Amino acid sequence: MDLALIAQHVVNGLMLGLIYALVAVGFTLFFGVLDIIKFSHGDVLTCGVFTAFAAFLGLQVLGLESKPLILVVIGVLGMAGMAVLGVLIARVLVLPLKGAPALNVLLITLMLGTVLRESIRLFFPDGANPKRFPALLPDWSHSWGRFTLRFDNTVLLITGLLLIVGVQLIIKHTKLGMAIRAVSQDEETAKVMGINFNLVVFITFAIGSALAAFAGLVSGLYYNEITFNMGLLLGAIGFSAAAVGGFGNLYGAIIGGFLFALLQTVGAVLLPFASAYKDVFAFGIIIVIMALKPTGLLGEKETQRV
Amino acid sequence: MNQHPSAPVSCLPALLAVPLGAVFMALSLGSESQGLVFGLLLGGSMGLGLAHHLGWLDRAGCSAAAWPRTFGGAVLVAVAGVCLWFHDDPFVLFLIATVLVYTLACFGLNIQFGFVGVVNFAGASFVGVGCYTAAILTKHTAIPHLLVLLAGGLAAALVGSILLIPVLKTRGHYAALVTIAFALLFKIFLEVNDVMGGPQGLKSSGLKVLGWDFNRDVSLGPFEGSFYLNYVAMILALTVLGFILARRLEESWIGLKLDAVRLDELGGACFGLHVPRWKITAFTIGNFYCGVVGAFFAMMLGYIAPSNFAFGDSLILISIITLGGLGSLWGTVAATAIVILLPEKFQILQEYRFLLYAALVIVILLFRPQGLLPRPLRRYAMLQRDGS
Amino acid sequence: MNASLLSTTRLSRSFGGLMALSELNLEVGRNSILGLIGPNGSGKTTFFNVVTGIYAATSGQVSFDGRDLTSQSPQTVYRAGISRTFQRSRLWLPLSIFDNIIMGDHKHLASGLLFNLFCRRRLKAQLKESLARARELVAIFDPDLADRLFEPVANLPMIARRRIEICRALISSPKLLLLDEPSAGMTREETFSLVDDILEIKQRVDDLTIIIIEHEMSVIERITDRCVVLNFGEKIREGTYQEVTADPQVQQAYLGVD
């Protein structure tokens, strides 16, 4: 096993981990604020990247040439669009079900995910087939021996990490973040303290959904391909990552995301004859971890009140 | 409703409703033109609306609840009647059999989801376990087919119990995680794996019980019918059995304990409730139902493939029990009929199936979360029977 | 000491940095009624939660009827003979009154799959007998409810629900009954009648010890033999109602209680 191959695996793993972590952070934010699992999250990711793709096609028609500009525009549109979608979901589906058993929210968001996914498949032109996502970052690269470091991957990685750090800073050091944390810990007291509960929920959903859109964009740029059901597996992985880290725990979600990517990479290396098994392997390990540490590696937030 | 109603409830309204329903079903199933079916549906809906407005629906409902055995018997006779009516129409018989297959599987899911509150997003995968068990056993062994059905159930129960271990100590969403992961991976695993036939799937032999070959057309004296009549009879018997067991489970001390687990584990624990035991029990029984269904389905179809057991199929099962009303057995029957039969009659719907049912569930959860035929309060029918 | 049914030795429970219970030494005499009072947040419900196994003790011991029950599971505590009500009513709301009450007797309800599915006649006999017992118990607290055992609890007002919770706790004939603010939300008349009902139960049953958390002092005065006052998780005073309320330290803790 030579160094170049290892380095390649590492870069690949980091990219995957970044995508998963971005999705997982969304899951954990939603759980933190509302004690709910929003299963449509993976499909919001798909919507986000398809929105970006549609924007790209639109810009092409308009004749826009500058790739960096296109990238920024579609990125912003995708993220903003999903932020709006996130707020709508919170407003129409999640908040009205606040008193209902948790299973209902689980179900309704799962079904929403299906609606989003099927809508893309049925109504996006030729939605059932994979689409080639444009390469909008310059393809400069530098090689050291047999290891090639690509500029576009590096940019994605750095931007993604900055975003995650940014969200983390917001949560830890701003008033908004404090409001989010207050609502996570004790909704009633937070309301009594004058925090606008609904607003905090909307903002949280907006942030989480925008992150998902970004993750979708990263995925599209990295793999140069998007499909209508890419969100399904990504959502399941993001969910398990958040679970393994401990729901409600931001660091847990990030660690969980990178851990899952690590497991997948290890799995692919150990079982080169069937790379499909890498998913089975990774999920299997996650399930074992959950069996051993039911509240996640870093501990889930306590929600019971006796 | 009082425990001692001042006037005994008549069984007539329920008994009148059943043949009406049967005739409606027969007409709908028999008609070829989509226009006619649409007209029937429209007429049927308006009829139901009128009946509701006049209070007849409520009376029929009370009547059915007061005479559960009579009502159940009447429905059974009606279904058998409809089947015999279509005795030489293999397509309709196959359809009825499919509806019953889904119904029985959903009974199992209702025990898991509606009774004890354990989510199972891999219902179709457990059916798949039963299917593959049957396919393998019938091809490679000479085990009598009734035992193969049993084996399918046991295999699904076994796989389920392995999955359940991480779930027991954790909260609801972890059960969701484990079953979703299983649902996604089951199909992948089968497709990648050539041992189980890979993406092409496996063939299975048809059902043969005590020398009676189910794949032979029925010919009893002057009576002749499609061979699917055999299968319908079998799955009808299995469904009735499954219904009775589920009902007995519900109306017993165990049913009460399952409800307590679902509604408030901690409160239950303070009164000695052993939560993991009941989750295991319900989850296993539910998977057993799915496994038996799967084994039967494999033998009826003669051929199974991984694409039948995708995540989307599990979601259809979930949609059915949500639409019908969580924990409501009759609700499941009604919802299955709607979900399976409508796309068959309206071909346009086929493509939009997943989208429509997902949207329908969303609407139900927002506006009528108790479902079409909400689960009634447990009254221990056996207590009411002799007017205690 | 055999006269005490429940005794805790230096019982402590902390949550992170917060000492909810601090070195609590408490004894409850057999067949007596003990009042547990103190300002909000003084650890009363936490005490119940630790005794019933919902929280593990951080340190110290709980001894019940000669057995060490420290940090046992809630199921074990229940089987030993301790039942409770909750500060915030915890009933299974969609279920009927009968279902809610009889679940309190869970340890006597057959769990066998074969029995429940196939011995229907015997099950029916058990149901009838349980129904009669539940009816008799409810009739003491609320005669009107006794005829309506098959209504969902969710439809009932808070007062009725509290009474049902008490019935649920009593149906298994526990040795120790823990009542957490049973009169919360009740009017004076309802509170009065509640105390009568509890005293009536106490008379009917041979072996019943009660610990009652209350803010309503009239209840404590009428019903309890002794009181324990908690403040910030510590026991600050113990004695009869008169002794305890006369104590200036107790009065200070409550900031103005008469």
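In order of appearance the chains are A, B and C, and numbering begins at 1 in each one.
Keep in mind that, in the parts below, a contact is a pair of C-beta atoms (placed from the backbone, for glycine too) under 8 Å apart; a residue touches a chain by one contact, two chains touch by 3 or more.
No experiment lies behind these values; they were computed from the predicted model shown.
Of all chains shown, the one whose average CA position lies nearest the global CA mean is B. Ranked by how far their CA centres sit from the centre of subunit A, the chains are topped by C.
The centroid of the Cα atoms in subunit B and the matching centroid in subunit C are 43 Å apart.
Between subunit A and subunit B the centroid-to-centroid distance comes to 35 Å (mean Cα coordinates, whole Å).
Chain geometry summary: the mean Cα position of subunit A and that of subunit C are 47 Å apart.
Along subunit C, residues 54, 86 each make contact with two or more other chains.
Residue positions of subunit A with contacts to 2 or more other chains are 306. Across the assembly, subunit B contributes 266 as residues in contact with two or more other chains.
On subunit C, the positions that touch subunit B within their shared complex are 52, 54, 73-75, 77-79, 83-84, 86, 90-96, 99, 102-104, 106-107, 109-111, 113, 116-117, 120, 123-124, 126-128, 131, 147-152, 168, 172.
Residues of subunit A touching subunit B in their complex: 37, 39, 93, 96-97, 100-104, 106-108, 110-112, 114-115, 118-119, 122, 232-233, 236, 239-240, 243, 247, 274, 276-277, 279-280, 283, 286-288, 290-291, 294-295, 300, 304, 306.
The part of subunit B that touches subunit C in the complex is made up of residues 1-3, 245, 248-249, 252-257, 259-260, 263-264, 266-274, 277, 281, 377-380, 382-383, 388. By the touch rule above, subunit B contacts subunit A in their complex via residues 113, 117, 119, 121, 163, 165-166, 169-174, 176-178, 180-181, 184-185, 188-189, 191-192, 266, 311-312, 315, 318-319, 322, 351-352, 354-355, 358-359, 361-362, 365-366, 369.
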